[in-house]
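Next come two complexes, and both contain subunit A; in the first it sits with subunit B, in the second with subunit C.
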Partner chain A sequence: MTQADVASTANIRPRRRRRRNLTPFLLLSPAILVILFVVLLPLLFSFYTSFTGYRLIKPETLYQWVGFQNYQRIFADKNFWAAFGRTVLFLTIALNLEFLLGLGIALLINRITWGQRALRTMMMFPMMFSPILVGYQFKFIFNDNIGILNNALQALGLSEGAIPWLVDKYLAMFSILFAEIWMSTSVFAILLLAGLFAMPRDPLEAARVDGCNPWQVFRHITLPFLMPFAFIAMTIRSLDVARAYDIVDVMTGGGPAGRTELLWTLIARVGYDNARMGQANAMAYISILLSIAFTYYFFTKLIAARKYMGGAD
Partner chain B sequence: MDRVLKKRIGKIVTWFLTFVLMLIISVPGLWVVLTAFRPNREVLAKPAIWIPQDPGWTNFAKIFGFGAEQIAIPVPAYFANSLIIASTSTVIALLIGMSGGYAFARYRFKFKNKIFLGLMLSRTVPGIALSLPIFIIWSRLGLIDAKLGLIIVYVALNVPFTIWLIDGFFRQIPKEMSEAAQVDGCTRWQAFWHIEFPLAKSGIASAGIFAFLTSWNEYALASNLTRSTDSKTLPVGLMDFTAQFTIDWAGMSAMAVIIIIPALILTFLVQKHLIAGLTFGGVKG
Partner chain C sequence: MAAIRIRDVVKNYGKLEVVHGINLDIAHNEFVVLVGPSGCGKSTTLRMIAGLEDITGGEIFIGDRVVNDLPPRKRDISMVFQNYALYPHMTVRENLGFGLKIAKLAKPVIEERVNEAAAILGIDELMERTPAELSGGQRQRVAMGRAIVRHPQVFLFDEPLSNLDAKLRVQMRTEIKRLHQTVRTTIVYVTHDQVEAMTLADRIVVMKDGYIEQVGSPLEVFEHPVNTFVATFIGSPPMNMIAGRIVKKDGHFHIAFQADQTVPVAADLARTVTEGQEVIFGFRADDLMPDEHAMPIPGASSRLRLKVDIAEPLGTETILFCNFAGKDIQAKMLNPRPVPPGEVMDFSLAIDKAHLFDAASGHNLRN
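Our next item is the complex of A and B:
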C-alpha cells in the first residue's frame, strides 16, 4: 500500500461510513412507504373511525365522536363473544391438528424412498389453491343433496337420509375445519420434511448405539431439531390465519343463523351489510390484536429456536 | 425371519397410509375437475351418476361465450382483470422486495430486527379488517372498482413476504464474491448486477411466482373493493354463480378449473426454491 492509498482510505472512511448507514434505509424506503400508505395509515384511520358512529350511508357521521361506545357495545354483545370464542377455538384446533398431521406426514414421506419427489410436489398443491376454491370445493363435496360425500355414503348404504353437513351446528363447524386443515397442513408437512432432510445423521446413530429406543430418539433428538421448522410454519400460518374468512364465506356465509360465524365474517356483515363502519372497525381492531398476538408468540419462539441453532445476528 | 416380517409389514403400512393421504389430497380437486366436464343435469341427478355419461367442453364454451348457450357471467373480463392486476402488482412487489431484501441481507443497521418484525406484522392484519378503512379511503380517492386500487393493495400485501424470501436467497450467496468484485474495481451496483443478481435469479423468480399466486387467489379485499367488470377478479367472479337461486355447479367447476390451472403450473415450477427460501430465511436468520 502506497502512502497515497493510505491517505485516500483515511479520507474516504468517514464518508463511507455515513453512506453505509444511509444506504439500507434508502433501499428499504419504497417498502416502508408502501406499507405506511396501504397498511399503517388506513389502520390509524380505522382506529379513529372505531370511536365514531360512522355509517356508510351517512357520510357526515364520520365526524360524530362517540368515545368508547362502539367498544362498550361489542363487549356487551353476546354474538360478538360467541364469534370471538369460536374463532379462538377454531384457530387452536386447526393449528394444533395441522402441526400434528404435518409431522405425521413428514415422517411418513421421509421413510419413502421411491417416488418421494412426486409425493412432495403433490403435497404442495393444497397450499397453492385459492382459499375461495378450497371453500367451493368442499361446499360441493359436503352438499347434503348432491355432494359426493353423501352420495357415497348412500350408495354404500352407510346412511339413509342426507346428512346436513353444512347446516347442522357441529357438522358445519367440522366441515369448515376439515377444509381449513386440508388447505394448510401441507405448510407444516413441507417445512418439517425440509427439517428432516437437513438433519445430521451422527447424533441419531450415536443415540442408537447408546441404546435409545426409537421413541426416545424421536423425542429427544428429532423433535427438538424440528421445532424451529415447526415455528417457521406456525409463523407463516399465523400471518394469514384470516384467510379462513374466504372458506367460511363460500361454504356457509357464517350461517345457518350465525352458527359458523367467525370474527372475520361478523366484521364483514356489520361493516358492509349493515353499513355500521364504526362498530365494524372496533371489531376489526380486536381481530388485528388477536392475529398479532398469535404471530408475535410464534415469532419470539422462532427467534429463540434460531438462537439455539446458532444463527447469525 | 421375524425382523424381515416386521419390516415388510412396516413397509406395507407406510404405503397404505401414503395412499390414503394422497387420496384425501387429490380426490376433492379431481372431483371438481371431473364436474367441469359434465352437464349440470348430470351433477344434480338422483341417484348419483358416478361415471360421466357425455363428457365435453360445453361448460368452458359457455363460460367464454362460445357455442349456443351463453352465461350471464363475464368470465373473460374477470380473467383479464386477474391477469393484469396479479402481474403488475407482482412486478412492482419484486422490485421493492429486491431492494429491501438486499438491504436486510447485506447491511447491518439500526432497528434492523424491529423493521423486519414491523414489515411482517403488517402482513398479519386480516384482509377483511384492512378492507374497511381502505374501502373508505379508496372511495374518496376514486380507487374503488379500479384495477389500480387493487394493484396498490396487493403490492403492500406481497412486499413483506417477498422481502423475507429474497433476503434468504441473497444470504445464501457468500459476501466475499461481491467484495472481490468491488476490489477488482466494480461499483457496488455493478457487483450486485453482475454477481449477486444472476445467482439469486431463480430464487427471485420463485418469490415472484409466490407473489403472483397470492394476488391471483386473494378474495377478502378484492370482494369488497371491486364492483363491476372493470376490476372484478376471478375469485370474486366465482361467487357470481352462488348469487343465483340454483347453483350452476358445472359452470362453477369449470371456472374453478380456470383458476386452478395457472396455480398448479406455477406451483410445479416454484416448489423447490420455495422450500429452500422459507427454511433458509427463517432458520439461518
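Our next item is the complex of A and C:
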C-alpha cells in the first residue's frame, strides 16, 4: 500500500462513519419532530409565559416581561402553599391507603381458585369510569339532603341529622379521598396481583422450612418481592393524584371556602377563571417539581428493590 | 435422635392417589436416597416429611414425634431445593442467617454459625453478594449452607443437583457426601439419577408409581434387584433383558429364546424353575465380555458368538451393541481395541451372575 492509498482511505473512512452515525437520527426524526412540536415547544412557551404578565383576555400582555414577579408572588401566597400542602397530604393518604387496600385485595384474589378471572375483571370496573362520572356519582352519594349515604345512616338510626359530607372542611376532604381511592385502588391491586403471580414458590417454602410462621413468610419474603410492583404503582399513581382535578372540581369545586383546593384546581382557577395565565403557569412549574420529586423518590426505591430481583430464579 | 419412620403413608391429590401406603424406616444419621422415574412419588414423599404437603393417610415420625399435623417450622428439618430457593433480596450472609434470625438467636451465635457453615462449604468470599450475582454451583452451596447453619435433626434434599451441568454435578455430589461425613445427620435425598443414588446412599429406596419397589444398600440393589423394574432402572448401561422359556435339554434346564438359541439355567435356580415357564433372562453388560478382553468369570459360563453392530468406546472400556435372539443387547469390552462394525466375536456369559425373572409378575426368581 502506497502513501497515497493510505491517505485516501483515511479520508474516506471518517466520512463514511459520519454518515453511518447520522442514520439513527434520521430514522428517529419523525418521533423527534413530533415530541418537539407537541411537548417541547408548548413547554418552552408556557415556561416563557410564567415570566410575563400574560392574561388570556389581553393577548398583548404576552410580551409584558415581568421577570420573577409571578414566582415572588406565589412564594408569598398563603393560598398557594395551603393547596400545595393539601396536595402532598392528599397524595400521601391516598397512596398509602390504596397500597394497603390493593395489597389486601390482591392477596385475597390470589387465593381464589374458582372465578378468579371474573373477579379480576370486576375489580377493574371503577377504573373504567371517567373521573368526572365518579365525581358526580359520589357527589350524589355524599349529598347532605338527597344523598343515599345520609339517607341510609338515618334509616339505620346511626345518625340524627344530615351530615354535611361535602360542606364540612374535614368531611369534604374525606369524601374526595374516598372517591379517589374507590376509583384507583385497583391500579395497586392489579399490579400487586401480577407480582404475586410472578412470585416463585420455592423461597416461600424454603422460608416455611426455615422456621417462619405465615406472617413472617409474608413480612420477610412476599412483601420484599412485591415492593418493586408497589413502587411502580406508586409512581403511576403519584403522577395521577398530583394532578387531581376533575373529581375535586365536580364534587366540591375546591370549596368550601377553598378548604379542598388542590394545586390543579387552584391553577385552573387562576389561569382560566381569573385569566392570569402567566401566574398559573408559574404555579404549574412549581407543582411539576413536586411530581418530579415524587417520581424520583419512587424510582430510586424501585431501583434499590429491583437490584436483588434480577436473575435470581 | 432423629430416626424417621414412615407408616402406611398415603397421598391423594383430589381423587388421584399418588402414594399408596408406603412404609420406610430411616435410621439416625443414615443417608437414604429415594430414587425413581418422574411421577413415582419420591418428591411427594419428601415433601410430606418436610410438611410442605399434607399427609392424606398414615403417620410420619421424626424422632419420637408424630409430625403429621406439625407445620414445617416445628419439625426441626432443613431442606435444599432443586431451584436453590434462595431469598433474592438478601445477601448470602443474610440468606444463611435468616433461619437463625427468625429463631431469635443472639447475634454472636448467628455470626459464628454462619461463618462455620461458610467455611465448610468454601463460600467465605461470597458472603456480601446477592443470589443474582452467583453461579449455579455457588447458589447450590449457599442453599446447602442455609440448611446446615440451623443444625437440624434431618436434612432433606429435593433433586439438588439436577440444575447443574454434568461436571459440576459430579463435583457437588462428592461435596454432599463429604458434608454428610462431616455433619453426621440423617439425610433423605431425592433424585431421578441412579448414579447419584448409587454413589451417595447408605441405602437406596427405589420407587415406582407410588410404591416402594426395593430398599437396600447400593450393592444389594445392584446385584440383587427384586424385579425387572429395579434391574433396568439401577445400573448403567441398563441390564439386558430377553424374554424366553424354560426347556429341558440333556437333563438340565435351559432358557430357549427365539431362533432356537439357548442358555443354561444357573445351578442355584434349577429347583425354582419349571419346564415351559415363561421367563425374562437378565444380565448386565459386565457379565458378557468378548474373549481376551474379559475378566475371569467366577462359576459357570456360556459361550456365545455374536456380531457387533456398534462399538461405543468409553476409554477404559468399550460398550459393544450386538443382536442376540432378536434383541439388542450390550456387552462390555475391557482393554479395548478398535472394533469395526460387523465383526463377529466370541463372548463368555457369566451364567451364575445372570438373573431370571418371572415373565408374568416380573419378580426375580432368585429371591
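Methods note: the second predicted complex is superposed on the first by the 269 of 313 C-alpha atoms of A that agree within 3 Å, B and C clash if a C-alpha of one lies under 4 Å from a C-alpha of the other, contacts with A are read in each partner's own complex, and residues count from 1 in each chain.
Keep this in mind: a contact is a pair of C-beta atoms (placed from the backbone, for glycine too) under 8 Å apart; a residue touches a chain by one contact, two chains touch by 3 or more.
Given the structure is predicted, the values throughout are model-derived calculations rather than measurements.
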Subunit A as common anchor, with subunit B and subunit C clashing or fitting: fit
Which superposed partner A:Ile109 touches (first subunit B, second subunit C, both, neither): first
Of subunit C and subunit B, partner touching more subunit A residues: B
Partner chain(s) touched by A:Pro224 [first = subunit B, second = subunit C, both, neither]: second
Which superposed partner A:Ile74 touches (first subunit B, second subunit C, both, neither): neither
First (subunit B), second (subunit C), both or neither touched by A:Tyr272: first
Touched partner set for A:Val248, first subunit B, second subunit C, both or neither: neither
Subunit B versus subunit C as contact partner of A:Leu133, first or second or both or neither: first
Distance in angstrom between the closest Cα atoms of subunit C and subunit B, superposition on A: 9
On subunit A, positions contacted by subunit B and by subunit C: 309, 311-313
Footprint of subunit A on subunit C - complex, ascending: 50-52, 71-73, 77-79, 81-90, 98-99, 102-103, 130-132, 146, 150, 156
Complex contact set, residues of subunit A against subunit B: 20-21, 23-25, 27-28, 30-32, 34-35, 37-43, 45-46, 49, 54, 105, 108-109, 111-112, 119-133, 136-138, 140-141, 145-146, 148, 151, 154-155, 182, 186, 190-191, 194-195, 198, 228-229, 232, 235-236, 238-243, 245-246, 249-250, 264, 267-268, 271-272, 277, 280-281, 284-285, 287-288, 291-292, 294-296, 299, 302, 306, 309, 311-313
Residue ranges of subunit A in contact with subunit C within the complex: 200, 202-203, 205-213, 216, 220-221, 224-225, 305, 307-313
Subunit A contact footprint on subunit B (complex, rising order): 14-15, 17-18, 21-22, 24-26, 28-29, 31-32, 35, 43-44, 46-48, 50, 95-97, 99-100, 102-104, 107-110, 112, 115, 117-130, 132-137, 152-153, 155-156, 159-161, 163, 213, 216-220, 223-224, 235, 238-239, 242, 249, 252-253, 256, 259-260, 263-264, 266-268, 271, 274-276, 278-279, 282-285
